[in-house]
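Next up: the structures, one after another.
The following pair of complexes shares a single chain, chain A, combined with chain B in the former and chain C in the latter.
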Partner chain A sequence: MKKLLHLCAAGAVLLASLVTASAADAKLVVAMLPKSKGNAYFISCKAGADKAAKELGVQLLFDGPTDSNAAKQNEIVENWITLGVDVIAVAAENKEGISTALRKAQKQGIKVITYDADAMTDARSFFVNQATPEGIGQGLMDEAARLTGGEGEFAMIVASLTAANQREWQKHIEARLKEKYPKMKLVAVRPCDDLKDKAQSEATAMLSANPNLKLIMAICSPGVPGAAEAVKQAGKTGQVKVMGLGLPNENRRYVKDGVTDSIILWNTGDLGYLTIYAGVALAKDELKKGAKTFKAGSLGTFSIVGDNILLGKPFIFNKANIDLFDF
Partner chain B sequence: MKTYFRELSVAAALGVVLLALAVFAPAFYQPQPLLSLLTREAPTLVVACGMALVIISRQIDISVGSQFSVCSVCAGLLAARGWPIYLVLPASAACGAFLGAINGALVAGLRLPSIVVTLATMVTLRQGLNLVRQGEFVNLPDGIQWLGLGQTAGQWLIVLTALGLLVAFGLALRHLAAGRLVYAIGSDAEAARLAGLRPQLSTFLVFVLLGALTGLAALLNVAQSPQVQPLSGSGLELKVIAAVVVGGVAISGGRGNLWGAFAGLLLLACVAPALTHLHVEAYWEKAIQGAIILLAVVADGLRSRKGGHR
Partner chain C sequence: MNTAKRDWQALLTRHEMLLLYVLIAEWLFFYFAGTTTNRRGVVVGFGTLDRQFDILRHSCEIGLLALALTPVIITAGIDLSVGSLLGLCAILFGQLWHDGGLPIPVAAGLTLALGALAGGLNAALITALRLPPLIVTLGTYSLFRGLAEAITHGSITYTDFPETFLFVGQERWLGLPTQAWIFFVVALAVWLLVHRTTFGRTFRTIGLAPEGARYAGLPVARRLALVYVLAGLIAAIAAIIYTARLGQAKADAGTGYELFAITAVVLGGISIFGGTGSVHGTLLGVAAIAVLKNGLACLPVVMGMNAAEEMSGLLTGALLLLALTASVLPKILSHVRSRPHAPAP
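Moving on to the complex of A and B:
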């Protein structure tokens, strides 16, 4: 059935391209920039992007820094401008930092779209929002409150103190905390540079510095297994809960051992898929400013608020359902 | 006394930090977290021993982080295939030694500048690994963590292995002819050659040694968790070089020792947990580490202007 749907979608796209673009002998080139390309999170985005590119018959370039490096992202975008790609899809490491290069790309007639982490609004046409910062922040904070019974100290591990999406989520987590959970207290926020090992060191220090800690929340994917290993080594399994944003495969063992309680995420493959569909539609002039909905192949219709294409609600993985997912 | 002023001042700075923690954050001194901290730093110490030798011989290797990642993933994959730990260990060290030999051959054999050679291998290895692994974690079988010994025993073994290597290399550097040779080629390679030594061969071997130590360190790190992140080791080169330089090893070669590098490493490693314990914002971490490095380099600059030891 799913296959049939894909086939239909591919057929529809083929037809559309025949009708609208008689001069499109050359394949559209879509360039996708992750924050760091070694990160499994972006690899799973790429899986969805690959699928979309195949269905749409476009060429996908996927390149990014090996670590979370804002300057390196600029370099890659500059290269793509020289190369003359048709669409650039960016997950911005540094909101202001990347925007100059993106504006330059737009001036050259390249369509720019952001996903995962937004750039400045004038530097791109649309932002594919994996979940609104409110949705994520509230989802994380509500789950943290559920796990701790709504009271006690908790600490946070972030990827870096400057990444745009991390700061945005943090803001909403703190807002939700203030508004709904007065008995909970955020006692520390530490960066892990996207490294599991550093997250583990940081969590170890947090545990000894804050003896009343009841929960560690990691909002970057390598941070969750790092924090879980620290809690396990400290012999505080169950006593200090671990939760956060992450990938099922990286946390499966800790979730099954009862160290990590909940993993919160959206479907990353869908995020990559939707990004490519939106980017290509933009290049073909099928997606315009002011649109209220957007249809992306086999995933169906998504709503657009302002210039944000919304992927939907986050999803909670736990002991009960984690084995149903493999990514 | 004057000869070891640099080392002693780093040790004194470390002493001040530890004393301040004892007064303001006594919770820092709990056995389990402290042992965990030392265990986390043990692999870095092993790499730092090799890096100190390379820098003393007036070379540098910025590819150690990538070597570390490649060795970690190789060790992880072999362990996942069911290799026992006593085979994975030499395999990881051999993998590192091989990567070090590539650097060594290019630097010593073709007389290329080591910063350029290792920059190239750093990027090549990192990207190659990304291409092959796509960032996916390697899940390890149960017996590998803590080398199959259980947590506390495993942590002690890892820490003592690192300290043992430190002492062995520290003493060898001071008392063995091979150790003095490292200083000789770092001070003046041409003079060393005229004295009948073979500086190119020594340089090659120093790179191989650093590679082997990096491979060993990677295994000591792999054994600390049930999964390997291919990104592990990213940024390690900066951490290690910073520790060595802060510890008084002259970046221009010929001067320094491992005891200073050890103190430098502990000083830099204390910054993050100290901030957490003092409840200071994390923004300060890198700024403070940078200031420590700057201070060390300035101290070296002033000393060499006065015409003291380099």
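Moving on to the complex of A and C:
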């Protein structure tokens, strides 16, 4: 028995010394946390982040829950804290929940930045804002009104009823609706948990419950193709319009088939790129509180309002221009 | 009879010793492979005291569920509902405190009672209706989770718990993570129950031969009921610790934890067919999985390997299968050795 123990220990030490040889280069380590790892939206963010990390010569860790799981996000951040990374960049699933862990990270001298979905303001230095909620809400509502001719019933699919950015967008969509389009009526809002098949079944239920529905608006990226598939299978192509926030690649087929009319989004690769540049600048003390502008590599200069670094205006993808983009 | 019994015990000891070697080997590997000095000259990774405390902190909930399952599986039962019950109890606790306006200790006490009650539901269905535990707890597995989701509409998250409560999950007391003390107390209590009381020893009898135990005059139904109520109670304790660690209670709390706990129990040498096993085996099983999972999470920074989550699932599975093979190997070998005397076909 003792022999076996010695053998095990010796084996472990040997293996370990083999791998430590390749370790320990003193690069700046930036850890990036998406809401969910497999979501194409965040994968395209990562592509931009990878590019920035390469240009800056930093090590990028990209890890997140496989589903949108707030508890798991906390565990990953706690892991990074004890690993002593230099920067943590977070897209928060649950604003209050994640902030406990982020404050702990800040106490240990780790720089915290948020992107896509903000945490509590005292739990991070800056928020890389992909577009103001107001800009997104108005952009979505205006496009919906344009597609329906400004009247009739429409329904919404959201990621979850709790995610802070979703609630914020919804608020601005409803405000715009009330203010400018009195003949349109929002008849249902359903969560899809960031899953395409859930979005599809929710959309199918919406179609049968609301025979007068003229448009479905999805404000989470798996929601748009999910809704499009439901409309297509129900044989209501053209009769019920589909639009929302999403990625060109996920929706290309439906846009070309004429099921989905418009996709509204910012450039997600740029979002990842800008986030990493800002995070690294924070760690190097080049980006400080009160700055008014920030220059991020090849993308140029961005304006900062308060502690929000603004990426820019949303963009509308449709049948005419979708083939110019690949992400 | 006596020698057979001694052989059996020897095998059991051997399995636990084997697991201990695996644990030590894992620990040494990660100590050397998972530790490094970062850019700011600070030692980070597996070889830090903080990390060891983190391992302990993160294993408390799954460890508690494994302890809850130990007596259950020894009686040849199973409880698939403990993870869902953790979620339900977390929600109930959050609701009692936040919406009910109760002080934390009262809310916690009520949550424990509700956990035991939910365990009682399992117990009643299993003992009174004589339904198989697998089917009953498969039902309550969905029922408890469904209730938690229905109560919160899948969207409410209880947060903003007071600092004094978060102390239980996030701070240290007398040098160790606070919740570790609770875990140790529960572990000791379950160990005493299973190994040091006549009462607990009957669990093994029931697991080996329930009919025999019944004919021998043991109150089998009552003993079984107790085991499931205890499991519910411990799941509720785990729920409170979980809430304190994350500072939030949400309906998805503890999703999939029951499978980690069952893995730890089986890895610890408890036969899924009942009758054998020990609480210290379970604890070793929990530690082996926790060290593996946490150690792997250190490797990205040290080795630039970025797939800790995926690897930990794969390696946990491999570890379990290896341990099971290793533990039945002596039996098979002795069986093969005794065969050459049989006439060739």
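Please note the rule applied: the second predicted complex is superposed on the first by the 302 of 327 C-alpha atoms of A that agree within 3 Å, B and C clash if a C-alpha of one lies under 4 Å from a C-alpha of the other, contacts with A are read in each partner's own complex, and residues count from 1 in each chain.
One rule holds for everything that comes next: a residue touches a chain if its C-beta (ideal position, glycine included) is under 8 Å from a C-beta of that chain, and two chains touch if they have at least 3 such contacts.
Only a predicted model underlies this, so the values are computations on that prediction, with no experimental measurement involved.
With both structures placed on the common chain, the touch criterion links A:293 to neither chain B nor chain C. Touch criterion not met for A:321: it reaches neither chain B nor chain C.
Of the two partner chains, both chain B and chain C are touched by A:66. Within the superposed three-chain model, A:239 lies out of touch with both chain B and chain C [touch as defined at top].
In the superposed model, A:97 makes contact with chain C only, not with chain B. By the document's definition of touching, of the two partners only chain C reaches A:82; chain B does not. In the overlay built on the shared chain, the residue A:191 is in contact with chain B and with chain C.
Touch criterion not met for A:303: it reaches neither chain B nor chain C.
Annotation: chain A residues 66, 161, 191 touch chain B in one complex and chain C in the other. Contact residues of chain C toward chain A in the complex are 17, 21-22, 24-26, 28-33, 36-40, 42, 44-45, 48, 50-51, 54, 58, 153-157, 159-160, 166, 170, 246-248, 250, 252-253, 255, 294, 297-298, 300-304, 306, 308-309. In the complex of the two chains, the chain B residues touching chain A come out as 25, 27-28, 30, 32-33, 36-37, 40, 126-127, 129-130, 133-137, 139, 151, 221, 224-227, 229-232, 234-235, 272-273, 276-277, 279, 281-283, 285.
The part of chain A that touches chain C in the complex is made up of residues 1, 4-5, 8-9, 11-13, 15-17, 19-20, 22-24, 26-29, 59, 61-63, 66, 69-71, 74-75, 78-79, 82-86, 94, 96-97, 100, 104, 109, 160-162, 191.
Interface residues of chain A facing chain B in the complex, by the touch rule stated above, are 36-40, 42-43, 66-67, 161, 187-191, 193-197, 200-202, 204-209, 211, 222, 225, 229-230, 233-235, 249-250, 253.
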